[in-house]
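In the two complexes below, chain A is the common chain; its partner is chain B in one and chain C in the other.
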Partner chain A sequence: MITFASRRRRNIAILVLLSVLSGIVYTIYTLSLRHPNFISGWTLFLIMLLLALYNVRKKLPFIPLASSSSWLQFHIYAGFFTSVLFLLHIRFRVPNGTLEVILSILYLIVFSSGVVGILISRSVPARLTTRGEEVVFERIPTFQRHLRDELDQLVSHALSEAKSAAIADFYANRLLLFFAAPRNFWWHIAQSNRPCYALINEFRALNRYMNPDEQELASEIATLITTKDDLDYQHAHQALLKYWLFIHIPLTYSLLLFSLVHGVAVYAFIGKI
Partner chain B sequence: MRAIPRPQRWDSPFDPNMTDADVNRILSILPFSEMNPDDFPPSTPLHGILHNDTRIRRYQSGDIIVREGDYGDSAFFIISGAVRVVLDGLPASMLGRLEPKRKTFLQVLAQLWRNPKEPEVRHTSRDVDDSGVQARGDAGSATRIFLQNVPGVLDAHNTVQLETGAFFGEIAALGRVERTATIFAEGEVELLEVRWQGLRDIRRRNRTLKEHIDALYRERSLKTHLLATPMFQHLSEDEITEIANQTVFETYGDFDWHTSYQTLAGESAASRLAKEPIITEEGHYPNGVILIRSGFTRLSKQFGHGHRTKSYLGKGQHYGFDEIVHNWRRGNDGGNSAVPFQYSLRAVGYADVLIVPTPIIEKFVLGPDPENPRLPKELLPPPVAVDEATEENVQELTHPEVDEDMLELLVENRFINGTATMMINLDRCTRCDDCVRACAAAHDNNPRFIRHGPKVGNYMVANACMHCADPVCMIGCPTGAIHREVTGQVVINDATCIGCSTCANSCPYHNIRMVEVRGEDGDLILDQNTNAPILTATKCDLCIDQLGGPACQRACPHDALRRIDMQDGMKSLSDWINR
Partner chain C sequence: MMRQQLQEFEFDKSQYERPTQKWVCGWAAKGQPCQIGPASNGRCRATYECMPIQRGDRWHCTRARSYGGQCDLGPLPNGTCCIPIPRCQPVRSIRAKRGIVTLGVFAFSFSIIILLLGGPNLKAWRHSFVLPGALTAQHAVLDCNACHIATTEETEPTKWLYDAVMIAGSGIDSQLCLKCHSTFGENALKAHGLPLDELARATERIGKTQTESKTPLLLSLVAFGPGVPQNEQGELICATCHHEHKGQDNNLADMNDRQCQACHTKKFASFVNGHPEFSSSYPYRRRTRIMFNHNAHTGYFQQKSQEFVCLNCHTPDSEGQQMLVGSFEEKCASCHAEQIEEAREDVEFLTLPVLHVEEFNARNLSVGEWPADVDADEEYEGALTPFVVLLMSGDAEYPNFAEDLQVCTDLGLFDEIGLFDLSDAEDDELMAVERIAWGVKRLLYDLATRGHEALKERLEKAFGQPLDRRELVALTGQLPVDSARMAQQKWMPGLMAEIANRQGDSQASIEEAGLFEAEEDDQKEMVSTGGWYRQDLDSLSLRYRPTGHADAFLEGWLKITGRFYGKDYTEDIFTSLSNAQAPGLCAKCHSVDADVGDESRHINWIAARPMPHAHEATQFVHAPHLVQDCQTCHSMKADFDNREFKAVFEKNDPMVFMSNFELIEKGACAECHTAKKAKTNCLSCHNYHIGEFAMVAAESTAEERQEEKN
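Coming up: the complex of A and B.
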């Protein structure tokens, strides 16, 4: 079994080799007064098409067309290779035509979202095992609802038993909102517990107005707040793992579409070049 | 707190309908009539064994009694009538099994539009008319599969007859190995089925039966087993025979370990370890090489007030050779530098072992001269580290590539039983569920595993069939629907599964589910008598009919999921973990 390090070294070596080769071909074309943009453009388009096919391969897992892991490795390194081809294609200049600007922006978003995606895929999974109970993403709303139900019971218990509004007021003003939906997305991504600590501290400050029975209920509620915060942590990270693809994939199709338009335009005006 | 009578061995007799009259009848038949009841202790008298550990079964002509490849925990004695042993094997379809068949590329592609929208739709016909066998009796243990054309089978296959007074199935029952032949009733036959506990006790107390079973094992399997062990491969046939004659057979633990597995799961690690029977104890004289014939064992070393798991050993592996070689090399110093067993060896669940005594190893395997060993030098182990156990050297002795916690989890939970244990590296898994979707796509839109399970560190053992080396799920299937393919996968034949749940209840890992099945129109299939939905057992089949192997593993973009074979001494696991 090839190690990840060996695979990475091999793939980087191939990428560097292909990039150097592309540079040489580009130089030869330029020196021989031939137009290198056709070959770089077509190569770029075909590779982008292959990259987009990875999503199709994912939809056909039973087809024996190499493993998804091999496809992803190709996807990553061929993706990096497109950046070399892209730079050669635009001749290291900022494009100026409307279509070219749109195309370049689309490319840059797709490319950078891909890079961000790799970083997310490599760094976020390890975080999921470090805090709270891991819950399947689709089941998080159900867990959230259970927590809210537990909270409601504790609060109504506090109202009926302790006959005090200290907990109920806090519930109405702060907890209801906190438990209604996933919260503090970016704080969790930044690995900060600050909002949760702030909320719990604010809640504990009410202890002085509570009798012992209420304090016991408050302690249970504080545990629920921590559990909900852990659930939000799971939600934030799992959402990040899923949602970056909602930028990367649709824009890939837009990029391919605009590339086609670009190609048609180039061939339509080829006589004037 | 509630007080109950202490559970006793025979609280659940094999057959509650067994009467004293039945037992007395059996006791009047050879070889039971020749057995001396005084040889049996008062706690397990012969009468009690026959009353509680046996049952009388009657078969009609053509009824299949045991199938080749099945796992069983009982043996049979022919009270009256005769049975036929099929020596050259019956076709898979006659044994209620799937004919191994892979989909073509077009069939694989067609799954894209042919996969049904409703869950658990079955395309296969449930009729087995064309296979040469039929079922009789109701669903459940009473169901019997019988050969429709016994004369045809006798003509087409090489068979031998076993008559009244013969035993069969004892090696598979005691050794927990596959049945080697299919046996069916030839005419009306009455059998005494003895479950393994009873057989073990009778063998232990009755010299005739012990000699009979031991001779059978020595004759059929032992030499092959010895020759499969590298240390014996350079020996002549006579020497192997001599070693076979001196080899001792022992069974530790409980064959029915799967029934106590869940109870033990709630106990502490130390408590579970304490309940594992000790085969050899750390610090004791190495009296022989212990060869694991079947089952699993744990090698552990005392550390603090507990035991640290060093490794596990399964079928074909051995323990004790290192110590014996170490002492043999230092034979001339009067035993001053002799080492005892360095680890304790315990049965995890159960273990069937062979013990080759030390003098035999020294005489035949090693030879008289340590300078000139009979065994090729490359097969001789290095000297044993005899330092006191410290934190540092115990770490060295522990399997270097596999984390200690991981090893403990795998052994304690008996995941070492797997040949295709699904492990997920949670540091690489992006929870995309591509594996689950791929599994569903390859199984008519029904995922056959759950991405959930016990975790240790950043690894998860997912709830997927592990295709166990000791497949307890296969014991007791009345139709043979759950079986092991030649290629090793344990699979269920939908067409012959009667939904009795025996396999699902037996699986200690809860990796078999009972599902309500639907016809191609999407409607539930109902029992025409009770109107209850028809159930079928389902589980991972390792994508046996797909091109390219397990879809889950192939679908993982991040190399986070792997089906690991635990039977190769942790090599696959270690390679994967240390990628």
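Coming up: the complex of A and C.
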């Protein structure tokens, strides 16, 4: 069975080989006073079309068209290959026509979002194992609700048992908002616990005003805060895994559409004898 | 404090998630999704928390354990669950939201494209949308349709689609380029603008040159390519080399050396390594227009203890390309003005020939009044001048002039003693001489009575085409009519009456025809600065004295007789005025070229000048090279035969030339033009478009030029 490392080496070697080959073909066409942009443009367009078909392939799992893993590998390395073709196509110059600038910006967003997507899909799974419990993304609201219910019970209990309103006030002022929805998205992406620590420290500072019963309840509430923060951590990273595609996929189709217009314009305005 | 796990996966404690479905329960966001979930069309299907089942006569709760198991109250008596689920507003799943965003972005993009391309009044937007970049400054004022056929129709976007699919690669855009750049000629789209056979000859010639280097690897790869794009006629589209829409400052003519060599059969690494040797005559394509012997002048300057410095006479033109020669007045006059003045021979324009008048009388023929000096004086030098011959050939009343002239020539008209003795002549020969004599008289009569108008008529008839005013002014030398009349009065006082009589005029008219008294004095000294005078001493003639350098009369006659060289009677005039000792000494310095393709002759009045419309295959820009001594490249030959130099110039072939200077070889240039020193790229020295053509900026200019031409 082929290992991940050897597969990566093989794919990178193919990518480098194709890139060099493209450079040679580009050079030959340029030296032959032909426009290499036609061959680079068509190749780029067809590869982008194939890359877009990956999304279609995912929707048709019952059709035996190689495994999704193979498609993904092709998608990643062909995506990198498009960057070589793109640079050759624009001749390493910044385009200055309106349509060309739109196309270039679209391509750069789609390509860079793809690269970010790879980085996310490579790094997030490992991150998910480092904090809290790995939960199904769609269930997170339910778990959040459970935690909030638990919190409500503890605070109700504290109100009935305790003499002071410290916990209730803190709940009303801080915890209610914290437990209402996923919080601190970018702090979690940055893998920082600072907001959680700050909240807990703030809560623990109230201990001096609590009797022992209240302190026990406060300890349980602190545990709930940590659990909620871990859940938010899971939510933030899993959301990242899902939401980067909101940029990558829609703009892919726009890119293909503008590429078509570009192609028509090029062939309509091509210099002729 | 450890917590219990949030998530459980047992079948009865865990809900089955369907993230690929389009809709999810509206309560899911609040952490309380219902078990049923929404329908595929997004409708809430919530009813009750369970569907009780009947066992015997009792209804039993079937709520799932994951939702709390059987409820305490149990089903209602009618079998309905006692806990209805409040209806929700289902929301779209993440996947469905992504689909909507995708569709929205796609629709937005499509709308933008339709708006920009399909809008009825958005032509400017449309064009700026597909414009792939700014035009160069030269083309910035042009509309799209000046260069693209795709924008010439109102229904542009559909036309674009049609063009793109149906005729891509076979249109006529390059022809639109030539609407403005019309001066490139019929071979404009061929390589170098040359006909294929000429290109083949050049390729064969260069192919024979030896190159020392092998074809570089990169250029070898071209052999594996599709080849240079050209059609069956060997034509290339303009856009092969000229890439527009690269910005205002883009150099449309920019090409790198490897692209130049794409077509060339001899491919080489660089100018130093592999460029063919220069031709065996470089840098001379033809002889100099001014016959200037540098070798001889070195001696002249030494005799005068003056320094012979190149830049005293040669200065670069405004482009710094060509070294120009200063004007005669600035550079030559100090020595040669006096020389021309001293050697100022007069031009004998009209002379009465010697005639044996007694012989006419003896045979009952008559030439009428003929001056006695011309009649029998052996010392008299008169003969028909070439000018008279030409003017007589233009006499409308003398159709048989050529035959009579031939008879007179056979009798010795142009020999040393002329027609002094005609006693041996046959009667018909004598009659021919008589007609010639009357022809001369009629010429004098015309000059005296009608002046320049008569000259114009005769010259136009002789040359067979009309003359413009400037030419006529030069050819007449502004001959004073008074001089002609005085000559007539002096030489033939009765000429007016004689001609009137011959023309059958009335007696009164004949009597009125004695007009002027002849002057006694010779007029030569009266025109010391040049001009016309009458000569009565050695001959009876009207003469023209050149004004000096650049005399308009001589220049005019040399130009027009050179143009009609080979035509009857013009050759003699040209020859008599263009020899080294001729009046004015024009041809002493100004070389004569025999034009290719016809017999005409061309006097090089000025030295080589920049020809802004001339684009030769090789160009040299002098200005940057002037930091060096001129002799670095132009070394004067050590042993030089001045006589041979002069003899070569007497041949009228401009391509035969003996320079004062050694030829220039590639090695001389290659000392500096290396990769690390001066430029070595092809376009530094070579032009792609070869020929004479003007760079035209706009179509209207081309039309205006055509109108002017018409």
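By definition in this document, the second predicted complex is superposed on the first by the 269 of 273 C-alpha atoms of A that agree within 3 Å, B and C clash if a C-alpha of one lies under 4 Å from a C-alpha of the other, contacts with A are read in each partner's own complex, and residues count from 1 in each chain.
In this text, a residue touches a chain if its C-beta (ideal position, glycine included) is under 8 Å from a C-beta of that chain, and two chains touch if they have at least 3 such contacts.
All of these numbers come straight from a predicted model, not from anything done at the bench.
Q: Which term applies to chain B and chain C once both are placed on chain A by superposition, clash or fit?
A: Overlaying the two structures gives chain B and chain C room side by side.
Q: Of the two partner chains, chain B (first) and chain C (second), which one does A:A198 touch, if any: first, second, both, or neither?
A: A:A198: touches no partner chain.
Q: Between chain B and chain C, whom does A:A190 touch in the aligned arrangement: first, second, both, or neither?
A: After superposing on A, A:A190 lies clear of both chain B and chain C.
Q: So, does A:K242 touch the first partner chain B, the second partner chain C, both, or neither?
A: In the superposed model, A:K242 contacts both chain B and chain C.
Q: So in the superposed three-chain picture, is A:V124 touching just chain B, just chain C, both, or none of them (first/second/both/neither)?
A: first
Q: Looking at the overlay, what does A:V261 touch: chain B (first), chain C (second), both, or neither?
A: A:V261: touches chain C, not chain B.
Q: Put chain A at the vertex: what angle do the Cα centres of chain B and chain C make there, to the nearest 10 degrees?
A: Approximately 130 degrees at the chain A centre.
Q: With the two structures laid over each other on chain A, which partner does A:F62 touch: chain B (first), chain C (second), both, or neither?
A: first
Q: Touch test for A:A180: chain B only (first), chain C only (second), both, or neither?
A: Neither: A:A180 stays clear of chain B and chain C.
Q: Which partner, once the models are overlaid, touches more of chain A's residues, chain C or chain B?
A: Between chain B and chain C, the winner on chain A residue contacts is C.
Q: Based on the superposed arrangement, let me know which partner A:L49 touches: chain B (first), chain C (second), both, or neither?
A: Neither partner.
Q: Please state the minimum Cα-Cα separation between chain B and chain C in the superposed model, rounded to the nearest whole Å.
A: Checking C-alpha atoms only, chain B sits 6 Å from chain C at its nearest point.
Q: Starting from the residues of chain A touching chain B, keep only those that also touch chain C in the other complex, and list them.
A: Shared contact residues on chain A (touching chain B in one complex, chain C in the other): 136-137, 242.
Q: State the interface residues of chain A toward chain B in the complex, per the touch definition above.
A: Checking each residue of chain A against chain B gives 1-4, 58, 60-64, 67-69, 71-72, 121-122, 124-126, 128-129, 136-137, 238, 241-242.
Q: Touching chain C in the complex: which residues of chain A?
A: Of all residues in chain A, those touching chain C are 24, 27-34, 95-100, 133, 135-139, 141-148, 219-220, 223, 227, 231, 242-243, 245-246, 249-251, 253-254, 257-258, 261, 263-273.
Q: Under the touch definition given earlier, write down the residues of chain B that touch chain A in their complex.
A: Going by the criterion above, the answer is residues 105, 108-109, 111-112, 426-432, 434, 437-438, 441-442, 451-452, 455, 457-458, 543, 546-548, 551, 553-560, 575-576, 578-579.
Q: Using the touch definition from the top, list the residues of chain C that touch chain A in their complex.
A: Going by the criterion above, the answer is residues 1, 3, 5-7, 15, 17, 19, 24, 28-33, 94, 97-98, 101-102, 104-106, 108-110, 113, 117, 128-134, 148, 150, 159-161, 163-165, 167-174, 189, 218-219, 221-222, 224-229, 231, 235-241, 245, 247, 258-259, 261-263.
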